[in-house]
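Please find the structures below.
The same subunit A turns up in both complexes below, where it pairs with subunit B and then with subunit C.
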Partner chain A sequence: MPANTLMINGKDVEVLQGESLLDACTKIGINIPTACHDSRLEAYGGCRTCLVDLDGAPRPVPACKTFTSPGMKVETSGVVLDTVRTTVDEMLACSSRAAIETWTDANRFIGYDPAQCIMCDRCVRYCDEIMQCNALEHVGQGSEAFIQPTQGESFLDTSCELCGGCVGTCPTEALYSKQSLEVFDKQSGEAPTTTRTVCNYCGVGCIIDIETQGNTVIDIDAQTGVGPNDGHLCSKGRFAWQFINHPDRLTSPLIRNYDNGELEETSWENALAVAAQKLSAVKQQYGADGIAFLASSRCTNEDVYALQKLARSVIGTNSVHSCAAT
Partner chain B sequence: MTNSIAEIENSECMLVVGSNTTDAHPVLALRMKKALRNGAKLLVVDPRKTWLAERADVHLQIKPGTDIPLMNAIAHVIISEDLHDKQYVETLSEGFEEMSEAAAEWPVERAAEICEVSANDIRRAARIYAGYKHAGIYYTLGITEHVCGVDNVRSLSNLAIITGHIGHEATGVNPLRGQNNVQGCNDMGNNPVYFPGYQEVADAAVTEKFSQAWGSKLSQTPGLRLDQMLDGMHDDSVKALFVMGEDPVLSEPNAKHVHVGFKKIDVLISQDIFLNETARLYADVVFPATCFAEKEGTFTNSERRVQRVRKAVDAPGQARPDIQIIFDLAKQLGHDWGEAQPSKVWDEFARLSPQFSGINYERIEDEGIQWPCPDVSHPGTKILHEGAPIRGKGKLYPLDHIKPWEEADDEYPLTLSTGRTLYHYNSATQTLRNEGHREKEPECFFEISPDDARDLNIADKEAITVQSRRGSIVSWAKVSEKVRKGVIWMPMHYAEASANTLTGDGRDLKVGTPEYKLCAVRLHKS
Partner chain C sequence: MNIDCLDSLRGCGGAGFPTKFKWNAVRDASDAFGKVIICNADEGEPGTFKDGWLFDNHCAAVINGMRRSAEHVSANRGFIYLRPEYSAQRELIVEQIKTMVADGLLAPQSGRIFQASGFLGRPAQLDNEGLNLVELSALDWFVEHGSHDLVGETQQSGGLSHSEDPQYPLPQNEEINEGFCLDICIGGGAYICGEETALIESMEGKRPQPRHKPPFPTTSGLWQLPTLVNNVETFWWAERLLSGEWQEDAERLFSISGAVNKPGVYQAPVGTTARALIDDYAGGVTDNTMISCWIPGGAATGVLPASLLDSKMDNDCLREHGTALGTAAIVVFNDQSALEVSIKIMQFFAQESCSQCTPCRIGCAEFADYLADDQHHWPHNGSVDEWLQTMELGSICGLGFTAPLIVRQLRKHFDFEVQHAS
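The block that comes next holds the complex of A and B.
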């Protein structure tokens, strides 16, 4: 695309044709506040937080929805703009919305707090444009407005896929994760830690941020612009993490008691010694190919590399395979 | 995948075969949804009316197991109507004549009859696929889990090659991997005929290289595939099995037969995060392992991108990282490999595997790299076969229909197919332990077409018994337009109603992949 030259805050700036003023400003390090903007959604211009002055325009214009053309002159700050932005902020933080009695929903993942809602419609647009599920709607006007599941039905009974993308795109905490709220310990005062890693479900390889407090997972989220997923997650990726701290997890090595047939707890030392002794005995009696190794494609590369090396170089067999064979 | 995930949104045409992408790969499907929004054409081949099928320009709702006749017919339309890329075929492919002769055996009408779809729809699909430059093929296990899985894949690569839809943006032949590290598990040499990095066991020089690197004389005898291991348990050639993170009595077909094998072996060692069914019943020793959030390492996604896995929490109790357990066991068996450090293990792999040598932890700290990546100055490979196929010329295969292992008949008149739902994952040890997902889909069900339901006098939500020659399951009927007449479908997630009670012994004739996608069943009210 051919480049345009325009002037932002008195400086000449080269931009691509069709780029928004918001993108142009971001590119040269000018930070313009936004609220209804999500780069993955179509430009909306609904909240007016990103207003800038455009030479020749009768009033400030939204930077997210104004597209660059040659010769434009733009100012991103000034007395009038500051006043307008303050007014816009006050309008968005419409305090009377806190009094609205809205819905509660039986689903265990997505909750809504109208007091936090600024009616930017990011959630509704995300659900329509990206998910194409149309499971959320904007109801009413002005200080009476709120967001609800389409037709006021439960998320569990509509086209909602419980992906939580609405929670992910929400710029406030109006839409929130119920699971997170349940386990987050506010009293402790301990700030959450973020660890960037890869989702453990399907093969798309979504990059996720695991939020933890102490040794407890309290949330999983993703960042726009990061990884093959660009901040999107599915229901499993975002919400199916209770298994990590689940009481069913194995916490000790087990060994079979052949007298009663039960698996019983034992020490690592003993478990490793018994396993090694049993494998050696089979190898001695039947040869290395009497032993086979089965790996999982859920494990890391390093785990499965180590396993095939164990099979080949320690035991001496090439009988190592996995569920990845399908 | 020959191509990359982000490209999908730039598609002009998508041919989605045997993949319920919005349920099984929901985030990748968002790229498809975006392409659709931008006006891309969509062709879906699936016995089920999936979300994508409902929005497709052409939905070929074929009878399960008839992919090759369909793809041959599509190839034949493309060639006979002169829609193929003659320059690509001439300069960059081989075997065109044999392939086109085999395809010509499947005129549209013949294929339409066996696939039970409209001949005109086959023609339309062929013309649309051939008519766009940025046309990609996406498939999953609906293609591979058949007796003819390998040939099914070849039937798709035939289409990509004759149209030249390979080696550039938003094209190619793209398997969508079902699990987080299917790609990596193969790359790492968890395969009886390949060492790490797809280096053949049969090659003496390769075996010598690994023997030297690992300091022990390695065997050149090819090992057993998973299906052969299960056979070996029956004929006493396999006496011990070490299982890391798998639950074969639930996940392998014809479960009753699998149990018999496990009862015969002398030693089973299991390593997992939960006490799975196989371990509970048969393990001699169980090692408690760590889940992805508790360890360092890498996963390699469908687009060949190696990405960093990082530890967020400590493992519970005495559970240890899988890699640590393997190092400990090696030491116990007299091989001290030193410290079990994931980055060192990766470096050893990369040093020995030329296509991966340029990738290290430092380089992928912020963003993953796609292999092939032969050296540290290489940026990684977004699109395979760019300019020309890696092997020089794209190989075209002459193919013919191969019947499934078990077809519906008078006694068992319905065809059962299996798959994944949006809310659960494989044997569901993780998702069924999440309250919200369990509540959303708590138990097994069978999708049945309104026609079959009427014929069998079965109402929606009615309790039914489904029987195959191997076993039976009691569950309930979900009368749904999603499945075609003659086909029922069930999710594979529920231990108490395990699909493998019903599935049979069909296996891919070349690589042994089980035919999970169809077997013959009958059903009646419970």
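The block that comes next holds the complex of A and C.
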């Protein structure tokens, strides 16, 4: 791909054609603040926090939305430019005058606070460009504009998949996870900690950041540019974490008592012994191919490897499958 | 085609861009997939009603101007982007197009009516709230009755029933085999739809938010095709100049309304004084009252004091006074102060901002509050000047660039700070 040479703050920079001024600045370590920019989306240029001076342009231009061409001369700071950027920040802090206070829709996951909304359209564009769901829309004009599920319906009645990507891309707290708000204990004063790990809902291996307060999970998020998922998550990965601290969660194996039909707690040693005994009985009566093994998609590669080894070498059947294979 | 006679012609939609330059830019653009002509008839600038009047009285000439531009730039598609309130004009245009199709001047499929998109959560037609700068202004009469009430013309524009419902969306990949295909597109019903790139977005069925420029429509407009967007009056003057009907420099159509005896549309040379336009053309001020303030070229050009009525109505002279000729729409006030008028204009801008860029979205609303507040209390850390400058430099389109002018004019001509120091 041909390269462009341009000058930023008096320094020559070589960039690829098609890259924006923001990319060029990032490349040479100049930090340009942004709000409406998400590298996964098409540039929007609405928030105006990334304005820079471009030689020959009548006004400052948004670095995110201006594409590089050879010979450009750019200044990322200046008396007037700094004032404009400071003022834009002050404007962004002015809260919206939307006529609604929040959505009254029935979904349990995604909430909206227009007072925090800066109308950067990241959520709307994410839902359109990435998810192609168009479950969000930008309504109204001026400072009274706000975001709502399409046609003012409940999210559950739109094509929303509850992936929560809108919450993930929101640069403010305007879109938030309702569950997190419920679980987070503000009073305790305990600061949340973030742990990076791999989601084990399926075999994709999405990198997630689990936020915890003490022993309680309070949120799961993903970082743009990290892992195979690049900040995207599915509904389960982002929102299905309340089971971790749920009182109904199984913490020991259960064996059915055939005298009264009830499931009863037992030790792992006993559970494994019972399973081995039953499997051996089936194999004896019907042969090894009378047994098939299905691994859960939530098992790790190592778990699945161990399972197929059990199937092939201990039981002696090739009937083994993992639902993550599909 | 020689268009040297357009040298004197500047766009009549407000910005005053040289017409010849724009026509040649579209002509020189690469045309692998065709080119488009758009007549911007989304006449939304408060106080302006010359475009509606032109369709009422000179519809054929406007369309002929479009045909000439199409010939010059080699375009085979054309649209008239019409303000939704102009339903009577819509019928006249359809009739005119049908006649021209019958005469073989336009492609056979011409004359269809399409619908452009507007803003969600807003009715398709404006209720004129915010436009009502003077009680029962000429604009309101005009929208309701057509031009015959204004200038005593006998031509009746109303009375025709709507022939068809608008179609949606516009046919993007249509093949035009013969001639120039001219259709009507009913506008999205918002002030910003008159901004040429917001207009194009709205025709493409999107939220009408202005695009970032460059690229300009001359190289990448409707469906990324080179597109010529001109105002109704610009096409009319182009036709008169190119046909030789008008031999001199182009004049302007002044929409004069408010507290005058004969509000209406008047043709006069650029550079005529406002006083002459009001007294000699519009029959003087109502009841011989004193003028409290006036608007020179539509709401976006701000208010001027009565002491400047003798200034020439041209861009050089008006620029000295901090403003511009705009749409050449003079609104005269005798019962409202400059501050009262400015508050209404600012509230109108706050309501009409598309909410895409921060300076316009927040700035217009905050300044509307600032002007309307009894004490003119400014609640922000950044000064009024810093906010005005940020809107002028940091906005995306002309709405945000020019809205600060309302405040600047109050300070320049009406001692706003001295009178209203908080």
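Annotations
FYI, the second predicted complex is superposed on the first by the 244 of 326 C-alpha atoms of A that agree within 3 Å, B and C clash if a C-alpha of one lies under 4 Å from a C-alpha of the other, contacts with A are read in each partner's own complex, and residues count from 1 in each chain.
Everything that follows uses one rule, which is that a contact is a pair of C-beta atoms (placed from the backbone, for glycine too) under 8 Å apart; a residue touches a chain by one contact, two chains touch by 3 or more.
Everything numeric in this text was worked out from a predicted model, so none of it was measured.
With both structures placed on the common chain, the touch criterion links A:C163 to subunit B but leaves subunit C unconnected. When the shared chain is aligned, subunit C comes close enough to touch A:P62, but subunit B does not.
By the touch criterion stated above, A:S322 is placed in contact with subunit B alone, subunit C being left untouched. Put simply, more of the residues of subunit A are touched by B, taking subunit B and subunit C as the two choices.
When the two structures are aligned on the shared chain, A:K73 is found in touch with neither subunit B nor subunit C. Once both structures are placed on chain A, no subunit A residue is touched by subunit B and, in the other complex, by subunit C.
Chain contact summary for the complex, subunit C toward subunit A: residues 119-122, 190, 207, 212, 350-359, 361-366, 380-382, 386-387, 389-390, 392-396. Note for the complex: subunit A touches subunit C at residues 45-49, 51, 59-60, 62, 65, 80, 83-84, 86-88, 90-92, 94, 97, 118-119, 121, 137-145. Within the complex formed with subunit B, the residues of subunit A that make contact are 107-109, 129-132, 156, 161-163, 179, 193, 195-207, 210, 212, 215-217, 227-230, 232-237, 239-246, 248-256, 263, 268, 271-276, 278-282, 285-286, 288-326.
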